[in-house]
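The following pair of complexes shares a single chain, chain A, combined with chain B in the former and chain C in the latter.
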Partner chain A sequence: MSHLVGVVAVLSLPNPRPAFVVALAAPLVSAAWAASKLSGGEVDTARLDWVEGLDLAFSFRVGPLGALLAVLVSGIGVLIFVYGHGYFGGGDRRGFAATLLAFSGSMLGLVWADDVWTLFLFWEATSVTSFLLVGTKSTDSTAVTAARRALLVTVAGGLVLLAGLLVLVDVAGTATLSEMGPVTGDQATVAAVLVLVGAFTKSAQLPFHVWLPGAMAAPTPVSAYLHSATMVKAGIVLIGVMHPVLGAVDIWSGLGVTVGLLTMFWGAIGALRHADAKLVLAWGTVSQLGLMTAMMSLGSGKAIFAAVSLVVAHAVFKAALFMAVGEIDIRTGSRDLRSLSGLRASMPVAFWVMVFAGLSMAGVPPLLGFPAKEAAIEASLNESGASGDLILAGVTIGSVLTVAYTTRLVLALFSDKGGEPTEVAPFRWAAAAPSVLLSVLGVVGYVLAPSVTDWVVPAAATLETKSAGYALLRWPGLDSTAFWISMGIVAGGAIIGAAAARHSSPPETVGANNVDRLVDRTLDLAKWITGRVQHGSLPIYLVVMALAASLAVIPFLGSIDADQLHAWDRPLQAGMGTTVVAAAIAVAVIRSRIGAALALGVVGLGVSALFLIQGAPDLALTQLLVETVIVVGFVIGLGGLTTQFPANGFVWRSVRIGTAVLAGAAVTAALLASAENTPSNREALVAVAVDEGGGNNLVNVILTDLRALDTLGEVVVLVVAAMGVLALSRADTARGGGAPLSDDVRKGRR
Partner chain B sequence: MIRGRSPVVRSAIRAASPLALLVAAFLFFAGHNQPGGGFAAGLVIGAVVALRTVAGIGRPQDATRWFAVGTALVSVVALAPLLGGEPLLDQVIVSETVPLLGKVKSGSALVFDAGVTAIVVGLFVAVFDGLDADELGRDEVQV
Partner chain C sequence: MSVTLALVVGGLTSVGVYLITSRSLTRLLLGFALLGHAAVLALLAAGGEAGERPISGDAPVAELSDPLPQAFALTAIVISFGLTLFLLALARRQAQLTGDDLVEDDLEDRRIALETEAEGDDA
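So, the complex of A and B:
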């Protein structure tokens, strides 16, 4: 809620300078509030009914997990705003700050949601806002393509998730997450797969990871935020909150762990191949997300505990790493591992931040990443059988590679390449302070591991009760298998990384191009179809519409009651009807435009008279007025046209006559089919009208009171359509410069 | 075409406009008990807009503003009852004795109808804006 206020406040700021300072107030408030909930253990709920009959509500529930994630989202959010202030230096960034704030608010809504539809709404909100954030540099075609790719992949995943949630709600019998019990069976399996695919797209798991490295086109504050604490964690959180419900489904952990470990491996390979420091971090994020996905979907008490710990540790160190790389980027103008030189001396702050955060990512004591990684290894050790061995092997190999790319990143980024050291712009405290704070937090978190445990354990326990007994160990002891595996990982990874730091070649991007190509093909196809369907000929549009509408009558032909038909109620109707028909035929036959317009007027007035005879003065009045206005319209319109209609060929003329006859027959049939066969409930309506509507004119009371909702809908449609017309006519003027059309074009107009 | 050629038509339209607006006002208020109503009133005003366009004399210009006013009125009437816990679009009827007119009975439906009128007028202004730029403007170039 405070975020909404914040967005409005930032957008309405008169002066762009303090945008980030004002913006950080909102996450500061929610971070403080969430922090106060961390150790309390009580659960706050809030519910706002939306559509009662459909059981749609905005429902939130802030338990230990919600509080922990909110502290991450908002706490790192505050630091991001500080960092953004330093990163951008100057310029008007109100829109950017507001979008970032909106994104942050969506993320909070997502982690607090207690209703699957609320969750879904905020899920989509993060997709849309992150699209805007990734595409911040809207003039850069790379950024635009990357933003489009991110949007399409995550929104496609959102649709899959929606399908999964629909199935889930059907099988679970409720949309409230806290009321859902474990479900199994075929339907639950379908839901599980769909939900997992949704989570995979958001958390950049194979093969949907393609959007994440491209999203590096965003400004670094966005990358640091999206890819540490927020966006990409949404999928992990989703797997977590769905664990109590879908965790019992057979395919759940198998699919999640397989995809997660493959992603961890492939992401680490990607991180080793790239030479752009930010891309290395991006691929490293993909890899880390793989580990978290695997742990979260593995589902044992220890694994869930490890996953939540990793979420916390990763948010802290990855944000710091991104910020440091961003700082290097803005102060040197480059992120290329191969060209940057001498930074260790010229940027000592960034260097130490990278070292500490990097060691945390590699899982080296005394940093927070170490106990979290230990927990993951122990969770893998606890799994028995061949699958357990595979998981352990996967986690170990992935971790070795993680250490390797971290080592390579730090060594290559800060090594002296010989030659001149890279030039460095002046130090900006706002761009450096947040990353220093975060890297220090890595150490503090390790020292205060028992406190961190106190926050993580209740959070993990809300997902899996068996997680309650575990703790983050600062020093597992020399007789712990996991510790030796861990040390082996660090040693092996360091050697590979040191070797890799010497050779690096720019790799081809795999996969991302396929997404772009698919998008381009789809757009080409759409253009082709549009070209075929929207040919621009008004008569053909009308013919197609009339034919389609006529066919729609066919199903109702059966309900025509022949006994009800009679020629007329009053003889006057016959005379008037004949006049109308004669005038209508005249419209079609007369070659002179003005004559046809007059004949059309006769048709309208005749129909108006028919209404009057039938006892509907309201309709008659309206019809009369419409006719009057149409006459004026003709006066204006005919001025620009030839006096005679152009001649038509035989075929085209026949088609038009045929369509007209068919449409006429269809309208007649439709009227006959919808004629009221039962006695009218007019008396009842009159009574209600006078009583409730307070008016004697039944038609108007229906319009403005009894069925006012219909009227409301109609006028809104009217406004929307009219605004569209207005926009189109203006667009035409803008493009054509208001130049008169050439004469032959005008003559060709019908 | 008519613009600049027929002062008679022009003067006639100029003279008829206020009367037509009076008719519109009558239709608008009569609507509750007799033929008429917001839509019909909007049509009459629309016809005035159309005629003035043809004659090339001043008329309302900004369709967007009419839409905004109309939509605002309609939405307020529609949503206001929700604040009081009543269903959407619930009507409030006021009955008051006013000097000269005697007993006057009216309801929030009148405001709703006013919104409809504004939207209909806006539609005409929008259409004739488009036509004006398209057709009449060109005549001016040619004549």
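So, the complex of A and C:
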């Protein structure tokens, strides 16, 4: 709630300067509130009914996990706002600060949601707000493309998730997460796959990772926030939240772990090859998310514990790394590993931040990343059999590469390349302080590992009760296998990283291009279809419509009941009917305008006669009058026009005739199939008409008394039409009205 | 249901549809008039069998034709009359401005169609 207030407050600020300062009040409040819940262990719920009949409600539940994640989201959010203040310096950033705040609020809603629909709404809200944030530089075409790509991928994933949730709610019998029990079976498998795919798109897993590296086109505060505590973590959180429900489905952990480990590997490769420091970090995020996805979906107690620990550790160090790179960016104007030189001396603060945060990312003691990584390795060690070996191998290789790209990043960024050191702009406290704080937190977190354990364990235990017994170990001891694997990883990675520091050949962003190409193709296809379908010819539209309408009759053909049909009501009907149809055909065949108009008059007269035969003299009278006026109107109105209709081609004519015959047949069939009319209650009508309407002519009484308002409306329509006719026919004589006409056109045509 | 009436309605619809798919606004207008006739007759046919004119006292109540569909039909006649006259005025105005009463293709739609055709040729 405080975020909503904050958004309004920021947008209504009279003075743009303190936008970020005001904005950070909201996350500060929620961070403090969530922190107070951290160790308490009690659960807060809130529910706001939305649509009662559909059982839709905004339902929230803040347990240990919700509190922990909220501390991350809001705590890092506060630092991001401070950092943003320093990053942007001056300028009006009210809109940006408000969007960032809205994004942060959506993320909170997501982690607190206790109802799948609430979760879904906030899930989509983060997609939309992150789109706005990534596309902040709306004049930069790269940023716009990246934002569009991010939106398309995440929203497409959102749709898949929606489908998954629908299936899930159906099989689980409730939309409330805390009431869902474990589900299995075919339907649950479908739900599991769909939910996982949704999570993969958000958390940038293969092959949906394409949007994340592009999203670093956003201003660095956004990247730092998106990549650390929010957005990409949504998928991990989703997998975690769904673990108690879908974790028992066979395919769940297999699919999640496979995709996660592949992503970890591919992301690390990407991070090793790029030369843009921010891109390296973005690819690093992809890789780290892979590890978290794998751990979270592996689903053993230890693995879930490891995943939650990794989420915490990653949020802290990745935000610090992004902030440091962003600081380098704004002070030197470059992020290129190949050109920046001498920064170690000129930017010592950024250097030490990068070293500490980097070591945490690599999983080196004494930093928070180390015990988290240890937990992941131990979780893989606990897995038995061939699949266990594969998982261990995957985690190990991925971690070696993680150490490698971290080493390479720090070495390459701060090395002396020879020549002049890069020029550096003045130091800004607001831009540096948050990253310093976060990197120090990495150390503090390590030192206070037991306290961190106290927060992480209850959170993990809400997902998987078996997580309860574990702890983050500062020093696992020399007889621990995981420790030696960990040390091997660090050593191997450092060597590869040092070697790779001198090379960079960015890989083709194949996937990203494919997404863009898909978008372009879709647009082209849409244009092509529009060109074909909407070609601008009114007659063709009408033919299509008539055909479609005719086909709609087909389902009713079966209800034609021969017993209810008779040839004619009175023999005269047949004779007059033939006349009418013959005259109608004449209207179409006669090529002279006046002749056609006269034939139309004959049709009208015939129809009047049919009315008479039917027992409707009022209709007949009216029709007679109307027909006369129309024929006169034709003669006056179109007398001056070319007297012949233009002829058209044979094919088109045949199509029209075919359509016409079909439409006529359809209407006839529809009439024949329509149910027999229940006559209105004539006795009652007669009574009403004579006693209350004071008239014997029932039709007249209906029109002037019973349906008087309708008739009034009808009169209004006639008046409006008459005014239109008058205006149109006087347009050519009015001064200054109408379009100018050359004299010869006038003379020739009139 | 009188088969004759149904056939007449179908026939009028056929010719009407044929005419409204024409490019000439005048024929379009003729088509609308015919479709109007078809609609009114359909209303009437759906109203039941023929009977005596619905005037109280002229015949036993049971022999009167149903007045309710007739009232609807009367409204329909009047509205289609208004529509026909308005179209007539439109056709006349069009003829004054362009010299004929042909319905042109929508220019914007044609532009899109031509663009994609051109792109198709490139590929």
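What we mean here is this: the second predicted complex is superposed on the first by the 528 of 750 C-alpha atoms of A that agree within 3 Å, B and C clash if a C-alpha of one lies under 4 Å from a C-alpha of the other, contacts with A are read in each partner's own complex, and residues count from 1 in each chain.
Going forward, contacts are C-beta pairs under 8 Å (C-beta built on N, C-alpha and C of every residue); 3 or more make two chains touch, one makes a residue touch a chain.
Keep in mind that this is a model prediction, so the values were computed, not measured.
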| item | value |
| --- | --- |
| Which superposed partner A:626 touches (first chain B, second chain C, both, neither) | both |
| Partner chain(s) touched by A:524 [first = chain B, second = chain C, both, neither] | second |
| First, second, both or neither for A:725, with chain B first and chain C second | both |
| Partner chain(s) touched by A:635 [first = chain B, second = chain C, both, neither] | first |
| Touched partner set for A:712, first chain B, second chain C, both or neither | first |
| Partner contacting more residues of chain A (chain B vs chain C) | C |
| First, second, both or neither for A:613, with chain B first and chain C second | second |
| First, second, both or neither for A:559, with chain B first and chain C second | neither |
| Footprint overlap on chain A, comparing chain B with chain C | 617-618, 622, 626, 629, 633, 637, 640, 696-697, 699, 703, 711, 718, 722, 725, 729, 738, 741 |
| Chain A residues touching chain B - in the complex, by the definition given at the top | 617-618, 620-622, 625-626, 628-629, 632-633, 635-637, 639-640, 692-697, 699-701, 703-705, 708-709, 711-712, 715-716, 718-719, 722-723, 725-726, 729, 733, 738, 740-741 |
| Residues on chain C engaged by chain A in the complex (per definition of touch) | 1-24, 26-27, 30, 33-34, 37-38, 40-42, 44-58, 61-62, 64-71, 73-75, 77-79, 81-86, 88-93, 95-97, 99-103, 105-110, 112-117, 119-120 |
| Partner chain C, residues of chain A touching it in the complex | 524, 527-528, 530-532, 534-539, 542-543, 546, 564-570, 573-574, 577, 580-581, 584-585, 587-588, 593, 596-597, 600, 603-604, 607, 610-611, 613-619, 622-623, 626, 629-630, 633-634, 637-638, 640-642, 645-646, 648, 656-657, 659-661, 663-665, 667-668, 671-672, 674, 676-677, 679-680, 682-683, 685-686, 689-690, 696-699, 702-703, 707, 710-711, 714, 717-718, 721-722, 724-725, 728-729, 731-732, 738-739, 741, 745, 748-750 |
| List of chain B residues in touch with chain A within their complex | 1-2, 27, 31-40, 43-44, 46-47, 50-51, 53-54, 63-64, 67, 70-71, 74, 78, 88-89, 91, 93, 105, 107, 109, 112-113, 115-116, 119-120, 122-124, 126-131, 133-139, 141-142 |
